[in-house]
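The data blocks that follow each hold one structure.
The following pair of complexes shares a single chain, subunit A, combined with subunit B in the former and subunit C in the latter.
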Partner chain A sequence: MTTGTTTPYRSRRRPGRAGFPQLLRAEWTKFRTVRGWVLAMTAAAVVIVSFGLIFATGSHSSCGNGTVEVACPTPPTGPGGELVDDRFYFVHQSLTGDGGITVRLTSMTGIITYPPPNHDKIVSGLVPWAKAGVIVKDGTRQGSAYAAMMVTADHGVRMQYDYTHDTAGRPGRVSAAAPRWLRLNRSGDTLTGYESADGTQWTQVGTTHLPRLPATVQIGLFVASPNDLTVEQSALGGSVGQARYTQATAVFDHVGLRGTTPGGQWSRDEIGAHGQTDWERYHRPSGVRESGGGYTVTGDGDIAPRTDGSPIERTLIGMLAGLIVMIVVAVMFMTAEYRRGLIHTTLIASPRRGRMLAAKAVVIGLVSFVAGVAATAITVPSGTRILRRGGEFPFPVSSLTELRVIVGTAALLAVAAVLALALGALFRRSVAAIITAIAVIVVPYVLAFASVLPDDVTRWLLRLTPAAGFAIQQSVPAYKQVIGNYAPSAGYYPLAPWAGFAVLCAYAALALGLAAHRLRRRGS
Partner chain B sequence: MKRELHAEWTKLRTAPGTGWVLLAIVALTVAVSGAAGTTVSCTQAGCGHDPTKLSLFGVQLGQAVVAALAVLTISGEYGSGMIRTTLTAMPRRVTVLAAKAGILTGLTLATGIIAVLASLLAGRLILPGHGFTRAHGYPPLSLADEPTLRAAVGSVLYLALIALLSLGIATAVRDAAAAIGTVLGLLYLLPVIISLTPDPHWQRHLWQISPANAGLAIQATTDLPSLPLGPWPGLGVLAAWTAAALVSGGLALRLRDA
Partner chain C sequence: MEATIEVSGLRKRFGSTVALDGMSFTVRPGQVTGFVGPNGAGKSTTMRVVLGLDAADEGRALVGGRPFWSLRNPLSHVGALLDAAALQPSRTARNHLLWLAHSQGLTARRVDEVIEQVGLRTAKRRRAGGYSLGMRQRLGIAAALLGDPPVLMLDEPFNGLDLDGIVWIRGFLRSLATEGRAVLVSSHLMSELQDIAGHIVVVGRGRVLADASVADLIAAASRDRVTLRTTARSEAMTALAHAGATVAATDRDTLTVSGLAAEHIVAALGARAVPFSEVTAHRATLEEAYMDLTRDAVQFAAPGPEAAR
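So, the complex of A and B:
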């Protein structure tokens, strides 16, 4: 009888490390070796690029000149590089060096052609942003730098400069009983605007530096009246804006110039080509009438940034298709573990379940981001170029904004994929997870762009649901001093780009947290 | 065929979750329809809204759950390997698909009728409080009106066609995730692409071939001439998609190994 002790077998090999990098590598290997997933991700990128380029190639604009189609005139560009409207009636003199202008406005009237509800009459009235006042401008070229003090129909006294800047002064309409005095002074690069109710007590409204102004500028009176905008539901989904001609007339007196040649003659210019409508031809053309030291100026148009046109993110029309593909892949990346029972092996190899989920999220997020950025970095710049060649005028944006659209869209795809993965871990069933992911990310966006829901409702959808993240794509801001169709269906989101993206990230984080909790609590 | 129908009915009846999915179809459709009704108001006569379409708005979300039910009836079998048992027991494959389609159609029609009637009832109760009154030219919703009846019947048929379309696609694609992704992509992508298409000519053409856009024309009761297709031809477009999907699903089932 022998007694002995048996020592249990121990491998001489060093145990493998089980840190997070190893886990990442394992998950990456799982992803990489399923051919269908890699192909699907590639297809998602290809879809984004090809949809975008087809869309850009198919977009053409031409303008009618009689019966002949000609290329549309290039819209003017403001000092900041943005597309602008610069049409107004200008009564002006040259000013070299320092100087200023003071006027009193006693009346502002106008007409609006064919307003709602029936669009069948020409009525007298003013659109809210009809404007009249004094302006200092770098010549009469459209898009040149300027600063102006003005009275508006419904938004009181304003100081505006270089198209995008707007400062509010005293509210209220102008009338003979409540006249408005305006003053604009130039001293070096500095322009300062004042207003007064009586011509003695002056209040400063705003001041700005315009280093682009040359020594000799044009100073004088102006009147502009932007088109009346009516937005209607389109039968095909989304909304259609219709612009209708309006005209404003303002009465100026007590005109005082400082720094100009004494006794100088007024020049008159219609800035921008207008004076074409039937109303102007047969009733009242733009222009100026002098009587007893007063000036009655009539004009139309607007001095403001343009709001209608194609923003560069329109080239990302295929992004939604790519997003759906990525959602499907992300969900499968998780649910395949359960379907094949691989989850048991995975969790034996890496018992810390939250870390497994984190590794999966990092892998699917990175893969989606890389596929997304490869697609958007091609689509946005080349799509924009093709649009320009086709006679379209996509809004020019700074390279920083373009970069935000390109990288932000890829980040949006990545976070959406992580959210879908987390839903996959929560439901463990691919169909339920995919439907939920599409219902919360894609459907609100679809409803915002193509449904009968009113804009107020779609704005709330784009604030509260993960679809808020699409705001990262908006490249042109909404200007409160310009009437525009700022509806979600026109590409204007209710949240700022990064705020909207943060909402999506919060949803993804919440879903990941719930999924990690469920993984820890329940058996596999 | 009777045997196959009985087998498919038993499978669907005993599958966990079928009842919940049917409940979800009704609940989601009615809830979204009701919510849409409370958000829209008509402040004056001729405000241009379509109360029937608005009351049936939830169909746009309910269809996603209908698609899920349809996909699961076939993809579930591929996922679990049950399909081999099914096809061993019932070797006539196209008949199996037909039986699945029959059971699915019956179930969707029954659920659809409940969902659509409940949505219209909700609309009838909610909309008058939001300005849809006789004074503004909107009598209460009633199935006695021919257009409203057509919209209601058509919406039920629409849901059934969506179920069959999804069944056809899922039979061809097999994988549940890929199938539901394809169906939802088809239903939700085209409306966005159409609204973003700048050329009105292309817009109308895309609209005419889009299953969701053309199919839901059946719900329109106002301003019909502005639609690129009439209600019934529109539903016909969806029916053509469904037929194509079922034929390709049937061919794939017949020609491929399970």
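So, the complex of A and C:
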């Protein structure tokens, strides 16, 4: 026997450290040394950028002025930078310094042109957000700052200011039997709205500070009536929105002004005057009639944020193709190990399997994030600029929101890649994992976007599936005070941006947990 | 900490198949230990259990006195070559070693050292997918050597090698053992281990059939065997079979006889007047020793040339 005499081998090298950082580095080396994966990730980023820029370059809007094609007028933006509608009939006087206005509303009626089901006649009626009341506004320019107290058709008394802000007061419709008194006071830059049923008992509805208001403002009566929007579900799913002209007429009396020049003359303006409809031409134009101390004001339009248009995330049209490529790479990054039996080498080098999986997830997540953020940081700002140059008006958003869209989309790609990797570890087969990943992440989104299913179904899909994560891209909120087609296909998600993203993260965490559990049971 | 592999009482079932049935042995430093047995005897499963890839139902396996999973830098404790084909084909050989090195906190310089050691320097920047089987075996050995471990485990490293490769690998393993490393080499062919193994663990049906030095094994297999040289082979076989011996023809004029002492053989042949030129005590080969030990353990055996007629 030789055993007794042999000196066991002892390496003279210092063993290296083999902790989590080393594991991360090993997985990164694994990733970067397969040229196909690196190229595919690069291609995914290039696809996102090029699709986005091609889409933006190809989008053109022009407006006709008679037979001449002219650049479209720039839509007004509100004090917050958002695109707004600012069209209404305004009866006003100048007010310098502090003051206020008090009115009584006794009637509110209107017409709706050609509503469903038959679209064949003009009927009397009001759309839910038809509004009439008193307003203090920074001049007559569209998009200027304002505060208003109003009665609406179906949403009772409201105080609204600067387009996006809305406070509810007493519910109920106005009529001769149930009149509404409204009062709006200005004191410095503070505006306070009150309502009353009888002109003696007043209730404060809301108050706000509007420091942008100049010393001299316009104060007076207004009426607006937004288009009547109906969204019809088509037989094949999806929805078609239709907007119809409407008009509202309100009767004001007991008009009391405070702080204006005594005996001042009323000015009349159709703010944002636009092409006249036949109804206005032949039946009743917007305007005001005075009779016996009362005023009957007729108007159309709306004072509200715009909800139809292109959000900036439209420029990320190539993101879906990029996402699919990233899913494939992420799955392969895992399943290639099983396919070749390389997983054994990996597990011998790092016997703590959960850590190995974590290292892989971190690497694929970071790689996808970096590729994604490189693509979105180019696509969103450049694409938006190109869209503007082409006469499109994507919704302006705050830089924080733009950053959220850029970084959030990259994070969405990263977490989707991690989910795909985890599915790869669960299934251990490329095809099954890729199909599953696409089925749970991409397909619900495509169904929602293509609107082939009823909107309610897609809303649930976008709540419950990993595709909820796409909500992180929504840059424009839905406003409850504006009836819009807030369908998923129009870019409105049922969950708030970070809530939707959290759903995707939860799925990724769940899949990773299951994969780690399966990996820890020996026999791989 | 001793440079050894210790396996004791390993049992494992895959469904109704018993893969390991109380496998126990120890691999000692300073020599090559052959791990031999027919396909399905449990060699690979044992190695996988030692490396923590499979969990045994019972028993324990230690590397340097510790379970594999508890090792912080596993590759500096044990190097393993399980499947030389387990490579990402589009990755170069050097990059394959590089990620392994990075996982252990080792540098690219160590990678180049082991590449040099196994003679792959000129091919290190080629894709591993284009490697011949022999080159892959060398690459697998390079990977096993990365952490400069005192224990090496190689599963069928001779598979698919040409003669040059076999000669190289034998010399290489012998030199590794001479440095004091414990080297466990599995094979289903005893002949491959003939000149390098100092110790043999023979397994069959998940159990150790023999665990002995090569010298002891050959001595045991030689016992009671007699080599008979005769020109009348078939007559001799008939005569000896009648006398109760087991006879195997090993050559045109050579028979190996067991179960009958030399003097009885001479008497039996004399009684029937069968001519013979030589009767000597048999010096068994390792191969024969192995065949003896595993005859019962082979699960799907075809009738071999040694079977008595």
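The criterion applied here is as follows: the second predicted complex is superposed on the first by the 508 of 524 C-alpha atoms of A that agree within 3 Å, B and C clash if a C-alpha of one lies under 4 Å from a C-alpha of the other, contacts with A are read in each partner's own complex, and residues count from 1 in each chain.
Definition applied: contacts are C-beta pairs under 8 Å (C-beta built on N, C-alpha and C of every residue); 3 or more make two chains touch, one makes a residue touch a chain.
None of the values given here were measured: they were computed from a predicted structure.
Using the contact criterion defined above for the overlaid structures, shared-chain residue A:8 touches subunit C, although it does not reach subunit B.
In the superposition on chain A, no contact is made by A:291 with either subunit B or subunit C.
Contacts of A:200 after superposition: neither subunit B nor subunit C is touched. In the superposed model, A:332 lies in contact with subunit B only, and not with subunit C. In the superposition on chain A, A:399 contacts neither subunit B nor subunit C.
Looking at the shared chain after the overlay, A:124 reaches neither subunit B nor subunit C. In the superposed model, A:340 makes contact with subunit C only, not with subunit B. Of the two partner chains, neither subunit B nor subunit C is touched by A:265. Residues 2-4, 28-31, 48, 51-55, 68-69, 71-76, 80, 82-83, 85-92, 95-96, 98-107, 110, 143, 147-150, 179-182, 198, 213 of subunit C are the ones touching subunit A in the complex.
Residues 36, 39-40, 44, 46, 48-50, 53-54, 57, 60-61, 64-65, 67-68, 71-72, 75, 79, 176-178, 180-181, 184-185, 188-189, 191-199, 202-204, 207, 213, 223, 226-228 of subunit B are the ones that touch subunit A when the two sit in their complex. On the subunit A side of its complex with subunit C, the touching residues are 1-3, 5-11, 13, 15-19, 22-23, 25-27, 29-30, 33-36, 336, 340-342, 344-345, 347-352, 522-524. Residues 51, 55, 58-60, 117, 232-238, 310, 314, 317, 320-321, 324-325, 327-328, 331-332, 335, 339, 430-432, 434-435, 438-439, 442-443, 445-447, 449-454, 456-457, 489 of subunit A are the ones touching subunit B in the complex.
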